[in-house]
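Here chain A shows up in two complexes: once beside chain B, once beside chain C.
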Partner chain A sequence: MNYWAVLATTVGIWVLLALSLNIITGEAGQPNIGHAAFFGIGAYTSAVLNTRYGVDFWPALIIAVLVGALVGALLGLISMRLRNDFLAITTIGLNFVTVAVFQTVPYFGGAMGIGGIRPPRIGGFTFGPLELALLSWVAVLLVVLLNYHLQRAWFGYALRAIRDDEAAAAAMGIDVRRYKVLAFVIGTGIAGLAGSIYAHFMTFISASDFGFNISVTILAMVVLGGRGSIPGVLLGGIVLGMAPEVFRFISDYRLLVFGAILVLVMRFFPSGLLGQGSRLREWLVGVFRREGAGVHVR
Partner chain B sequence: MLDEAILHLDNITMKFGGLTALENVSFRVKPGQICGLIGPNGAGKTTLFNVICGVYRPTGGTVRFKGETVSGLPVHRIARRGIARTFQVVKPIPRLTVLENVLIAGASDLLAGTWLPFTTRGQREVRDRAMAALVRVGLAGEAHLPAGQLNLGYLRRLELARALIMNPSLLLLDEPVAGLGYDAVEDFLALVKELRRDGLTVLLVEHNTGVAEALCDYMLVLDHGRLIADGEPGRVLTDPAVVEAYLGKDDSLGPSA
Partner chain C sequence: MFLQQAVNGITIGSLYSLVALGLTMVYGIMRVLDIANAGAYTLGAYLGVWAYTRTHSIIVALLVGAGGAAVTGYWFQRVIYTPIKKVADPIVPLVASIGLFIVMEDLFRLIFGPYTITFPAHLPFNRLTLGSVVITGTQAAILIISALLFLLLWLLLNRTKIGLAWQATAQDTETAMAMGINTRSVVAFAFILGYIFAALAGILVAIHYNAVFPTMGDIPSYKMLAIVVLGGLGNPLGAIVASMIVGLAEAFVAGYIGTFLPTDAIAFLALIILLLVRPQGLFASGGETR
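This part shows the complex of A and B:
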């Protein structure tokens, strides 16, 4: 039971990260290949508050979200001046800088990382693996609902307009800068949330948990599932989040299989598994339509 | 009556590095006019549009709209003040439906409206206005198709609807009939004339002098970044300087021509 609860928590955190990156990269079309930096910022904020200042999980969680969002706002402000490739490189740089800071500054535990982070608790009750799994999936549910809400609101339309054509968006009266920054703020705030949950779930964190390879994995989840598609990104997060477990038996070849899956998906589903225009998505929609129609006739 | 003109360009100069794209261009557009901006390829017509819309900040001179200086404001601000435009190369948001494309331009930029879904009551009014704009340009039947599936003629109408929902006082059309077939051109011109009848002021970039002559009340001719003629279409098109800009110097044909 514990094994499954731990796996569920891990996958839930991955899904949170994928969903949060989807707002920035999938919806607003802004490249971000350093998303793990915000994951790390959230985790370290929460860990430092908890271990050094005795702040409980819940307030630490909120502060972690705010700090993640604040740094995201700064990156968003920079992104106004940078486009595509340059922004992508800046985000990669940000990831390396954050990791280096965590690794070298003694305040953040240096190379030893931070241990002894207390798990969340309510009153006298301390969360075990089961409650942590529940916590992470409640967070996933809330973030999914938020995502759907934003997608249906004008905000979501504005982001998609910016993604497809910034000049057209501006001509339609959309303040391109403001919405880019907002997309970064929301996305990185959620990454901070994931980081805080991660820190209190692991109880020990170190800089290497938030490295560039994590950023690439998060991006792969979004691309695999289908940029801008909420069910797709959920699926991408679950599939790639579980992959290390599923492919445990081939241990040394795990990364090889991992890479091969990505290449095949890109070849046969260029818009992701459930992205717009994907054959899998159209087939699923078709199946549900036919079944629905059948019921209707009877 | 210092400012009976709705749009007022005063000595606009636009330089890109060493290249002068526009040099001391000044003109006015009066309310209710269809004003045509013509000129050969590379004359600076689209650059001038981009200066008016705020895509470029002019190197020199000012643009005034309804008596207020707008040059230097960002694009979206100028759009909200009432200058709407279409693009020479159409820019639909292909994955959204036709209706959604128009909704984006119609929704308020106020913070509250930003977070509400279009199904809520306050936003339903926007939906109604979007539908009305589509009816006006004759696209109501296509409202729920993805914009990416429309042909060029329909896309140009979509851009027009997107401009109309913003309730503009001035409409900038950048070669709105380029690439359209004969019938589509006729339909589009009829539509623009209808808009003028409703009191909209139109500034139109046009490559084809025939189309411009048929539509415009007033005409401006640009060549190599300078305004070389302006006035009534009939008079402007026979102006020797304009003929020369389009066809080259007369004496190259020789004395016998």
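This part shows the complex of A and C:
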């Protein structure tokens, strides 16, 4: 039972990260290959508050979200000046600089990381694996609902307009600056939330947990599932999040398989498995429509 | 001390610029950030050490490495990048190239083993001592070979038809096509040349540090991105200057200040600050607007 609870929590955290990156890269179309930096910022904020200042999980969680969102706002402002490839490389740089700071500054535990983070508790009750799994999936549910709400709100239309053609969006009177920064703030805030849950779930964190390869994995979840598609990103997050467990029997070839999947999906499903215009998605929609039509006749 | 650090910095800078040039050649044409280029760097080193242990000839090692990389580059663009490039979103080829790089690194690990192989090459250059400055045989070889390659690239780009076609395509692909330039062969040319440069750099680095290992491409893979951006994405001269700046900066920081952050983080920190001041890099490329 504990094994499944731990696996569920891990996958839940991955899904949170994928959903949060989807707002920035999928909806607003801003490349971000350093998302793990915000995951790390959230985790370290929460861990430092908890171990150094005795702050409980819940207030630490809120502060972690706020700090993540604040740094995200800065990156959002930077994205005003830098476009596409330049922004992509800047986010990679941000990831390396963040990891280097965590790794070398003694305040953040240096190479030793931070240990002894206390699990969440309510009153006298301390969370076990089962409650942590529940917590992470409640967070996933809330974020999914928020995502759907945003997609249908004016905000979602504005973001997709910016993604498709920034100049045209601006010409239509969309405040590009405001919506881009907002997308970064919401996305990185949720990454901060995931980081805080991760820190209190692992009770020990170190800088290498938030490296560039983590950013690549998060991005892979979004791109494989389908940028901008919530079911797609959920699928990408769950499948790739569980992959280390499912593919344990071929553990020696795991990276090889992961890389090959990335190449093949990008080659044959460039918008992701369930993204806009994907053949798989159209086929699925066709299947469901046919069934729906059957119900109609009856 | 100062001159010695300068020599070390220029040596490292020359190696950086070989890889950065490959990436720039590809980016200038395709607007693709090809992370897998760093895979060609490792491939070159492995092929080079394989050929060297059998023939004991540096020339053969360089040729085998370059040849293998050229074939890889050609097929990558033919099978992966050219079809993918029809998709508008630039993140698609980027993710594909990350996937290719992961596959290459894991193949190296599975085929050659996860450990470090030595590259015990004997170079026909003697240690050179000029006053207090020492230039080792390997350093001399790196400097001479890089200088020759820079010259060769300059001649290729400015004195041959395919080079001029590269310049025209980099400046404006559609007009170049309208003028009758076969952009498909230009793309193939850029990839082949780019991968050859990366492979040669890999062999020289392997000799310099006497080490070949599967993950040796990790640091170049992202550091080159920083350098290429610094040089103005798609501008060959800019790439060389930026490589020298980064190489010299690393040598002097290591020699005088010591390490307060890992050197790679310093390169990126400098990059982020610079980009905020000059969003188009040190040298804007002659390419189309982004």
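Please note the rule applied: the second predicted complex is superposed on the first by the 298 of 298 C-alpha atoms of A that agree within 3 Å, B and C clash if a C-alpha of one lies under 4 Å from a C-alpha of the other, contacts with A are read in each partner's own complex, and residues count from 1 in each chain.
Quick note on the criterion: a contact is a pair of C-beta atoms (placed from the backbone, for glycine too) under 8 Å apart; a residue touches a chain by one contact, two chains touch by 3 or more.
Keep in mind it's a predicted model, so treat the numbers as computed, not measured.
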Contacts of A:Phe155 with chain B and chain C, given as first, second, both or neither: first
First (chain B), second (chain C), both or neither touched by A:Pro59: neither
Which partner reaches more residues of chain A (counting touched residues only), chain B or chain C: C
Which of chain B and chain C A:Val263 touches, first, second, both or neither: second
Partner chain(s) touched by A:Gln276 [first = chain B, second = chain C, both, neither]: first
Partner chain in contact with A:Gly115 - chain B first, chain C second, else both or neither: neither
First (chain B), second (chain C), both or neither touched by A:Ile174: first
First (chain B), second (chain C), both or neither touched by A:Val97: second
Where chain A meets both chain C and chain B, residue numbers: none
In the complex with chain A, residue positions of chain C that touch it: 31, 33, 79-80, 83-84, 87, 89-96, 98-107, 110, 222, 225-226, 229, 233, 260-262, 264-265, 268-269, 271-272, 275-276, 279, 281, 290
Residue ranges of chain A touching chain C (in the complex, touch as defined): 25, 29, 31, 33, 78, 81-86, 88-90, 92-94, 96-97, 99-101, 103-104, 212, 216, 219-220, 223, 227, 252-253, 255-256, 258-263, 266-267, 270-271
Complex contacts: residues of chain B adjacent to chain A: 53, 55, 74-76, 79-80, 84-85, 87, 91-96, 100, 103-105, 107, 109, 113-119, 123, 162, 166
Of all residues in chain A, those that touch chain B in their complex: 149-150, 152-155, 157-158, 160-161, 164-165, 167-176, 276
